[in-house]
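Below: a set of structures, written as structure tokens.
Okay, so chain A shows up in both of these, paired with chain B first and chain C after.
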Partner chain A sequence: MSSVPVAQTTVESVEKPDRLGEWSGKSIPRKEDGRHLKGQALFTDDKWQHRMGYAHFVRSPHAHARIVSVDTSRAEALEGVFGTLTGDEVKDLSEPFFQIAPPPGGNLKEWCLAVGKVRYQGDAVAVVLAESREIARDAAELVEVEYEPLPAIVDGIAAADPDAPLLHDEVGSNIVWHGVYDYGDIDWALENADHVVKIDRLHFHRFSSTPLECNAAVVNWEQGTGVIEIFSNNQMPMFASLVIGPALGVPSNKIQFQSQDIGGAFGIKIGSYPQITALALLSKKLGRPAKWTEYRTDHMLSAGHGNERTFVDIQVPVMADGTILGVKVRAFDDAGAYLHYEPLGAVIWSQVVPGCYKIKHVQVDFTETVSNKCPTIPNRGYSRMQHLWLIERIVDVVATELGFDPVELRKHNYIQPEDYPYETPNACVYDSGDLPKALDLALGAVDYPAWLKRQEELGTGSGKRIGIGIGTTLDSGTNNFGQARIINPELPFSGNGEAAYAKLDLYGEVNLNLGTTPQGQGHETTAAQVVADILGMSPDDVNVTAGFDQRHNTYVAFSGTYASQFAVTGLGAAMGAAEKLRAEILKVAAYALEADEADLDLGGGQVFVRGDRERAIPFIGIANLVYSNNAVLSPELAGSVSLNCRHVYVPPFQVPDHEAKTGNLTLTYASQTHVCVLEIDEETGHVEILDYAVADDCGRVINPMIVDGQVHGATALGIGAALFETFEYDDEGQLMQSSFYDYHAITALDAPHIKTEHVQTPSPFTPNGAKGMGEGGGAPLHAVCAAIQNALDDGAPVVSESHNSWERIYRLINHEPNAPRGVEVVTR
Partner chain B sequence: MLLESVEYTRPRNLDEALRALASREGAAVLAGGQSLVNVLKNRVASVDLLVDVSRLDELRRIEVGADGGLEIGACVTYDELERSDDIRGAQPMLASAAGHIEDRQIRNRGTIGGNCCLSDPSNNLPPLLIALGATMNVQGPGGGRQVPAEDFFFGYFMPALEPGEILRSISIPPLADDAGVGYQALSVGHDSKAIVRAAAHVRGGDTIEDARVVLAVVGPRPVRHSAMEDLLNGAPASAETVERASEAIGDGDGLEPISDAHGSADYRRRVARVLARRAVYEAMMRGARS
Partner chain C sequence: MSDERDPVVSDEGTAHAIEVTINGETHKRTVLARQLLVHFLRDTLGLQGTHVGCDTGSCGACSVIVDGQLIKSCMMLAPQVDGASIETVEGLAQDGELNVLQRSFNENHGLQCGYCTPGMLMAATDLLRRNPNPSEDEIRHGIRGNICRCTGYVNIVKSIKAAAEAGAGAAEEASR
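The block that comes next holds the complex of A and B.
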């Protein structure tokens, strides 16, 4: 064991016998794919229960309005309707959801249906249960709601104005959280820098990863047992339990979440707990299971949008040699109408304070507001992506304004391979990496020099511009939940973990249970790979139970699938459980073979004496001895092995310092370096991506094919967000993109061929050297914005929006000669 | 799954279809259903009887005259348009445009008649059919009539069909030896709604003899831009001519583009000028090559 002491952070390096290798590291086909390709998966909408009704929510057409009255009588009178539930009933039957924010933001009251007021277009005011989906929808249209419209506020910064329309009276303002993150000495840096680059405003827009399957749940409040059975695609069921239990006044052991196959989630499916709560109340009231499958437009209006963040008054001290000393900025997160998982976004960005660079002095004045828009919810790259986009925009603006080569400027400022483990200004520890190598690989994959030449040759008059952009990003994984204390010191959260349960079954096969909720990440496959390596058997003989199941699977309070951590926490738990099972198998085998445990080895599904494969016992023999033939064993042995082994993986974290806002907030730091080459049609602003490469580093790779799939997915979603996908509201708070007609989710036709390169710098802190990498860090947004900027002339404005429609690009190219550029350089 | 309850009938021939359509005020023609079903799901139209004409043989034929003129049944699918050797030979741009409509699933079901009868100003085929000088063959209870494509697309979701009428087929005159066709569209993604479309048909040699320029998604209906056409007709067939003529597209020319999530009215007008120029130039080049 070696340890790395830093200010408040000690991370033990993990040194254990390495049994991974025969199966791990190989692109074995996914166990999940057979049932998916054959249409045999079990999604929530496939679930049916006796006497079940179908639920449909009645949603507000107004962004902000007082609810004068809700009349459900016509709906209730419709044949086939079982009943309804309204906000007034909910207020009597349940408590407001617990809030993460401290007061005054924490005074905010939200029930599972709107009470008294609606606060965004799509806010649910009532829910109907009927014998079919169609009748439920018909009945929902018959619910008569009288509204008294109120002025709406849709701008997250203007919402902070004391005169802005107030969403939540009990908060007293629209500011729900504020804090200043101050690391190093930014004033010193600004005074002593050779240049200060000032950027007026950068805006990171709202979008969603639009999972193929919308939210869904079948909820049955069992009248006899008092147990609330929830079969759903919620991806963080333990967080949902934490919120739902107190709201309904039921103990957590009466809440039983289950899931199996989930059609994509990306963080968005953390946010279905209000609907699940309403379904529980509906089920209890009407004595029937309630099924809800969300329609796409409902999903777009109300299931949650990714965090929208505006950065203003950005100041960047830079030395003459290009060293970026620091960043000073004011950030505004617009959480939408209610706080769903928020304001955790106001701290989670600080996992990656300096981005990929040795930036030492950082001050972020962070304000989170509410507005009359759909609540935000974590979305792939949650909160770090927004900050990393800021940092990458800064690096490119500095390069453009001060005349540095963007490649050289990055390499000059990057954290270097020899600097790891690297402690950031807020005491996070970056575990491993080789950013210069990753950048070289990505540039090589697109043949960077050739594109530079093409760009020069193209010249003016062709009507086309070529832009080349780099995006370096981090995917910080395995959260330390202690960071929640930086938002609210009263929150009794810290650390993280995951559980696994390994069992040798009757005929010598292995069953592995996990507490995770996979949504396409291939957990069944990668868990089987590591378990197979540890137990010396084929992954085909390892059955991994998919999905979360509070009745039968093991779990801990952190269980779920979110925040880029399965390769560390999930596989860490699986490996620990497999090691415990291995130890028991060896113990039984030593007895049966009359050999010393130290002389035994596992392979091919049996235990054998090293050097003499004839002296062996297959796993079926071990299982027989323990389960069906235990009188043969010594009483000591029979009493000490069960072949049922649970392990909880606990990452090495300490409690962060909430006053200093420092601590080790995440265990691993995967990186992705993207290079985008695009061509812009000057006359329309239309973009075509000509070449695209990604170099990823997620430490030790368990299944390269799955990692490549994640890279492809993150790349496509990021390009979609950068060019196509945006949620925008008009001044009245009406969502302008509430269907796929207006929200163009990227498809395979729009995605470029993605060239992938790999760097493997194993994490010294994880049980297997792997680093979580599922979110990807939003690098296409960085790279596409940089490429657009690169295609513009020197007098063009700064690319200040993360979403660039054809029109926006057209306006940037065809800017007025003296248009404000949004940037200024002060040189000493 | 979201429809209000609705009756459905599948007549055996066009006469039966016309009778079914006349039987009920809320009857509507169902062809490929790629738009109508969405409209019904969103409950923005009230229909109580669907008259499914999608399998009527008489609406599914593609006929080529000796002169290369085409008569295309209203229920020919986009996929069939794209793959038909007759269409590829006589009107290659129509085959190509049909092959770029949305995605394969939609192309397998969506029909040329449905694309026209919806009269959605952003639809792919109407501007091209106007440019090609197509005629819409309409059948009603009292017999048939012919409507020039130019007059068929009456307004937002309003085709020039009287109650009880069905679009039977679309006739497209042969392409002259000295004619070429151009078609340009700008959309958000490869298979999403267009921001602006432009189609052009140009005939002539060194001098442009006849130009038809049609713009779409710049108002309630696709329109011919007569000012631009006037500047093209009789002028030398050159890039300069096209460039100069496209400048006729601008303020006060009658276009009424909307502002929406994908672009402002001003941007649409600017893009319309670019796409019109490109479409005419493309048509000129293709005509010259043949």
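The block that comes next holds the complex of A and C.
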């Protein structure tokens, strides 16, 4: 066996703090809930300003067309309309957005409104501002756009054909990125394996977590100061700042993002920066704040869809004992019409190259194309779940084709508990885990043997089929932004981090602000829990600022809430800031109590001498000495404490090797193991989920109730995607699901009760032993597809689609006797 | 945030004078014929706890109770509520204290982002009035018109069940 990479990544283990414990680890109810339950939250559409206008975008009905002319005169003549902005104006007033891709993909030019051409149904060509949302919508109808339709390309693989309709002339083809990831020695593995399982095609579909609150923003280009105030629900505001600033030619101190409550985001709300840019220009032009809230159809058409990926020519070398040696595959990612955060999806999957298995030889020939569809944007499980679905499909197909038990085959190939830290073929380091235990717990929760028996008893003729499926997945978190250099070595990005600011305020209150933009993950609560432990007080007394405000919250360029990392980066920052504050408090207390710092302890909002609680000073006393009584202190002490402590948590990363495409791309690897039991009606294809369990491992848990909530949510969205939720385009590029009538978001009747089990393998690499979680790695897609396959007869085709409507399931069950199965086994 | 705003003056639609009681308080307003009830609540009266999630009556974020009936306020026009009595999420807490149902959502983590929560609470209030001791299946049917994208419904169902057990249903039934 040749060229298996030698271990090249070392991650230092973190010295564990000993102060977490009294509050951390407890399911304390959330601090955020009161305002939500009383209807007193502040979402973006709740924001109101004097002289504010309502914006409405004019969208293309065509998938691909030249813009011949845009006439806004009738719209502007309507009573109550403040004005309009068009693509031609935008081209004069702003620069195209910077591109992550290297040339030629990076030559792509996108402004905040379409210039010259529209490239998908929903592409915005103009925007109107009016005194009410109703008038704005009327006025948008009055904008007359003359289009010259062009042929559309909606298939991501066909788009790579040199003769396909070209979206972006300046790119020269529809291929925006291509690279070969080659680890180990796949040719050796294919030549030496006992079996090679070949799968023709697997297709991971487009869908979106469709946050219930649509994208929204109130943007005011302040005329006096030149500051652009942006109150929005963008979930990655500092990334948005980095993109918007150069486009508008303004420095970062002129862009001020704010948000408070965000009604779900799931990655989708990274993508609102073009609209925010257009609103800024509109506000500047018309001298008014511009408020925009998407209608649901706007959101479905243009807010961004999750990545669609097609895998072809899949070859899997397997030994007689079931050892899966490797995977060889060609992957095509279809980014839609523009590159929003893409082509990062072309590398982010490589955080989880072997999935949960000791697969050593992997070759992925990866192509990313553009097509006449809505641009993709990160969606819960971004890019990794597509790859993990491929790996899980492979494991189940291997089991089915070679006659292995899916449980035993998994356990045989899993990375074992003693293997951690485990270095993957591309030099990522999996921090910790116990996959066999997680699988046993999940199987136990559904009573697997009982279902197997029931399945056998059911037999033919009942009209029903029972299928049982397993999905093991990873939720990699705290990514190393250096992986962007694997896409484009010129990009000046690497590492990651988050900031927090802890302060003892005038009356001794502990105040904390964060760089994050939570969307329901309970940051105010969990941050208060860790800070409370460090400062010896109740979380009720830790005031965490609700929401993000660039004017006074602290931040780094990575700030925001995305990619399963808060428990590591956000809490790492909060803990660091609290530790700094604790050190200052102790220093002042030691002076005031004439005691040695080593003899002091914190508790109940006081500092006291250990063993003598009478000798104590409350936090208000510390605050008094520093803020308003500092002549009492020694000059040296007064000059060295501020009780205002900022900390930036920086994870231990190096810059990846862009040529070898290796490096430690993620700090933590939470895992989830799902087991799905479903029943299919043979006559209709109707599916009912009979039992569902998840075993979760996100290391040390700070708030178990919140973690369970994240597991439930990710599970329901994944089941929704697997069975109900899909975005499909017809051949002309018309979206067929543009409201919740057609896009069936999973309801309480569709979703099963979800049983949860827990494994806790603390991460050795993080400040608190936690691993980031929340995205969930798309495990329900893996488990549901496996369960459907399990319910089919041996002659049935491979379940090759990640989305299986009842109709598709009906067709799989009632397949032609000799239908192509899409799989072949070559045995030596 | 709850300041009342000026009605739009440039819209040429027909105006209607309406009188409506919301959470016990009477409001007299002139509204445009095409204004949706949800926009009347949110934009005109500043009662922003009621949310908009879809504009098509699919998601239930805008659920309120009009004359004892659970409705989606994006599916009703403001002039239609003339003379009606409306209950919204803002009316649930009494003297600033969460009611049994709200407290149960807090204790059982029945909300994450909070966007569906007001509609979910109104749907649950309506359910518990009709059925003070619902089964899990009946709870799921009771909230089938309300989409939540965060919780997978598990803890919402649990919250409503726990609220019923704590007597929320009986109290709601008595309040009819």
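Following the convention adopted for this analysis, the second predicted complex is superposed on the first by the 818 of 828 C-alpha atoms of A that agree within 3 Å, B and C clash if a C-alpha of one lies under 4 Å from a C-alpha of the other, contacts with A are read in each partner's own complex, and residues count from 1 in each chain.
Convention: a contact is a pair of C-beta atoms (placed from the backbone, for glycine too) under 8 Å apart; a residue touches a chain by one contact, two chains touch by 3 or more.
Given the structure is predicted, the values throughout are model-derived calculations rather than measurements.
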In the superposed arrangement, which partner chain does A:Arg133 touch: chain B (first), chain C (second), both, or neither? both
Check the residue A:Arg821 against both partner chains and state whether it touches chain B (first), chain C (second), both, or neither. neither
With both structures fitted on chain A, tell me whether chain B or chain C touches more of chain A's residues. C
With the two complexes superposed on chain A, say which partner A:Tyr295 touches: chain B (first), chain C (second), both, or neither. both
Partner chain in contact with A:Phe724 - chain B first, chain C second, else both or neither: first
Applying the document's definition of touch, where does A:Gln737 land relative to chain B and chain C: first, second, both, or neither? first
Of the two partner chains, chain B (first) and chain C (second), which one does A:Glu683 touch, if any: first, second, both, or neither? first
In the superposed arrangement, which partner chain does A:Thr747 touch: chain B (first), chain C (second), both, or neither? both
Once chain A of both complexes is superposed, is A:Asp46 in touch with chain B (first), chain C (second), both, or neither? second
Overlap of chain C and chain B interfaces on chain A (superposed complexes): 133-134, 295, 741, 747, 749
Hey, which residues of chain A end up touching chain C in the complex? 27, 29-30, 32-43, 45-46, 48, 79-80, 131-135, 209-214, 261-264, 266, 293, 295-297, 519-522, 705-706, 708-709, 712-717, 739-741, 745, 747-749, 751, 753-754
The residues of chain A that touch chain B in their complex are 133-134, 137-138, 141, 295, 683-684, 686, 724, 726, 728, 736-737, 741-742, 744, 746-747, 749-750, 805-807, 810
Tell me, which parts of chain C touch chain A in their complex? 1, 3, 5, 8, 10-12, 32, 34-35, 39, 42, 47-56, 58-59, 61, 88-90, 92-93, 98, 102, 105-107, 109, 111-118, 121, 136, 139-141, 143-144, 146-157
Which of the residues in chain B come into contact with chain A in the complex? 1-5, 43, 103, 186, 188-193, 195, 260-264, 267, 270-271, 274-275
